[in-house]
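Working notes for the structure below.
Lettered A, B and C in written order, each chain numbered from 1.
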């Protein structure tokens, strides 16, 4: 008689598996019907998206709160690491990315962008009191960090080539680049200027911005999946964004989070 | 310039997030134990294809990084029509992965259970199911208690990966707070201390349990 | 599934794999060496040293590698320890692995039957000979399976080196997915590479186990 004949009769473990909801024809209609709109973002991107005392805050939240209020729906925000945000959007885990995504030609081929919500031009920060860098061109030959896969990294590389070469280091998140600037391994960090300005305002004894910005004019916007389903949703969000530019809500929120209000394009900016 | 106040101010949020660390690793361990026992039995099955499947399972789940398993469960399964809520994706991934390790731990322990005991029980006419339930599994669990506690401590640490599917546990909360305060070192040291307290408590509990099982 | 991607990114993915393997080999070997020293020091050393080492083991085992590495790399410069990414990554792996390896060796040392050592003494063997001919061979044999096991666990911790910009496999896969948005392809590439890597190590571990067993039976019968 063999004692090993019992062959695991308890394999039917109750996994909570649900079939994915059948594809809806129109996402906006879905949102209005359910009264809820779902978003994915990384709450690590001050002053756009950040956690203050465990609460989600930031320019993107304030703007999206206004947008959803005008749409008459409740927003539901999810915090995900950046590497999971775009895959999550494509997997249908939420309806829109309300993190600031820089508008680029490659991304426009893959995603549907809303109108710009903020300026994304690339700038620099250095360690406070570092006299070697007083203008962007001074980074020639120095070590500069930036976020992997970001539009600002591309701009930095182009800018660096024009200067005769810089040592570019790529980080999975901008937070680690800041840490390495503070640790002294980097001479500067390149990123979107509002982001860097916020870091410098929070830790002025460590970080200092380098003006002016450089490279091509870039803008941040939100993205959704590129398909017929999302067209009406994007159009509705765009209409509200334009209204907010007109009635001054946009400028007020920009002043609250970025210190200044900038003129934003009223139509999709041309990108190469 | 070490800022103690940053730690003190943010401690409540770190502790809040710690609940998810405990929940995910605890449920993952529970699922891992159940699945691990099943797998271990299947691995020792005399029927070739059953033991082959179990061996393949162990090889896959030990070979592929948990992060990849998580992302596949959460982002790939929807594209083939299966949608799992984040917490389930996290618990299942951790549990399924832990099962592979636990199965191997139990298999090692079963070898140490004297063969004569099972044979004696069989000679007494005990049903194979009863032999497993009454003789083999309880003893294997006891022998492998230190390894199982180690596995649980491992799970507490790897549970930081579940942030990839949107669960804000201790490591994720530390990252978020450092990103907002620009004081990563203080926050990470605080998080390390919390992990250490949990794991020391678990190790202590494991030792106490081992003593009690020592009849 | 876009096969062209793998052709285009093949070279950097292979480079990443090589870096992963390199960091793992050096990290695991260093961890085994440091672990062995710790185990021996705990077994033969004075009581205060044992307490210090016990504390080291508990602290390192009780905290996640990600946090240890972050503190080592980004916090190190505050106390004058400025390491480049790859050395920091390898040192991190050595430190992280050492307590696990130390515990494996400690258990192995305790499992050496006292009777065999006493028999050696009775036969007037020197302590050095006892160590070389009795303790070490038995320790080696009993330790190989758990050493392989933990080394497999360590392979996957190498992915964490990407946070300190070590250009290992995950770092390169992230580059690929950030540039091409091909997330699923990237995940599958990562899964396949690691699976293959771990299978190779398991196979090598089994070979080593057979070798040490053969060595032992030869030694003991000689």
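Just so we're on the same page, contacts are C-beta pairs under 8 Å (C-beta built on N, C-alpha and C of every residue); 3 or more make two chains touch, one makes a residue touch a chain.
For clarity, every value in this text was computed on a predicted model and none was experimentally measured.
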Overall pattern in which the protein chains touch one another (line/ring/star/complete/other): complete
Comparison of A-B and A-C (more C-beta pairs in contact): A-B
Most central chain, judged by mean C-alpha position against the global CA mean: B
Between chain C and chain B, distance of the C-alpha-averaged centres to the nearest whole Å: 20
Chain A and chain C, separation of their C-alpha mean positions in angstrom: 37
Rounded Å distance between chain A and chain B, as computed from the means of their C-alpha atoms: 33
Junction residues of chain A - those touching two or more other chains: 83, 87, 90, 179
Junction residues of chain B, two or more chains touched: 71, 75-76, 79, 184
Where chain C touches two or more other chains at once, by residue number: 70, 74-75, 78, 183-184
Chain B-touching residues of chain A, taken from the complex the two chains share: 1-8, 10-11, 13, 15-21, 40, 43-46, 50-54, 78-81, 83-84, 87-88, 90-93, 175, 178-179, 199, 202-203, 206-207
Residue numbers on chain A that touch chain C, as the complex places them: 83, 86-87, 90, 107, 110, 148-150, 169-172, 176, 179-180, 182-185
Touching residues (chain side chain B, partner chain A) in the complex: 9, 12-13, 16, 31, 34-35, 38-39, 41-42, 44-47, 50, 71, 74-76, 78-79, 81-85, 88, 92, 118-119, 121-122, 128-129, 131-132, 136, 163-166, 168, 172-173, 175-182, 184
Of all residues in chain C, those that touch chain B in their complex: 58-59, 61-68, 70-71, 74-75, 78, 145, 149, 152-153, 156, 159, 183-184, 187, 190-191, 194-199, 202
Sites on chain C touched by chain A in the complex: 70, 73-78, 82, 162-165, 171, 174-175, 177-179, 181, 183-184
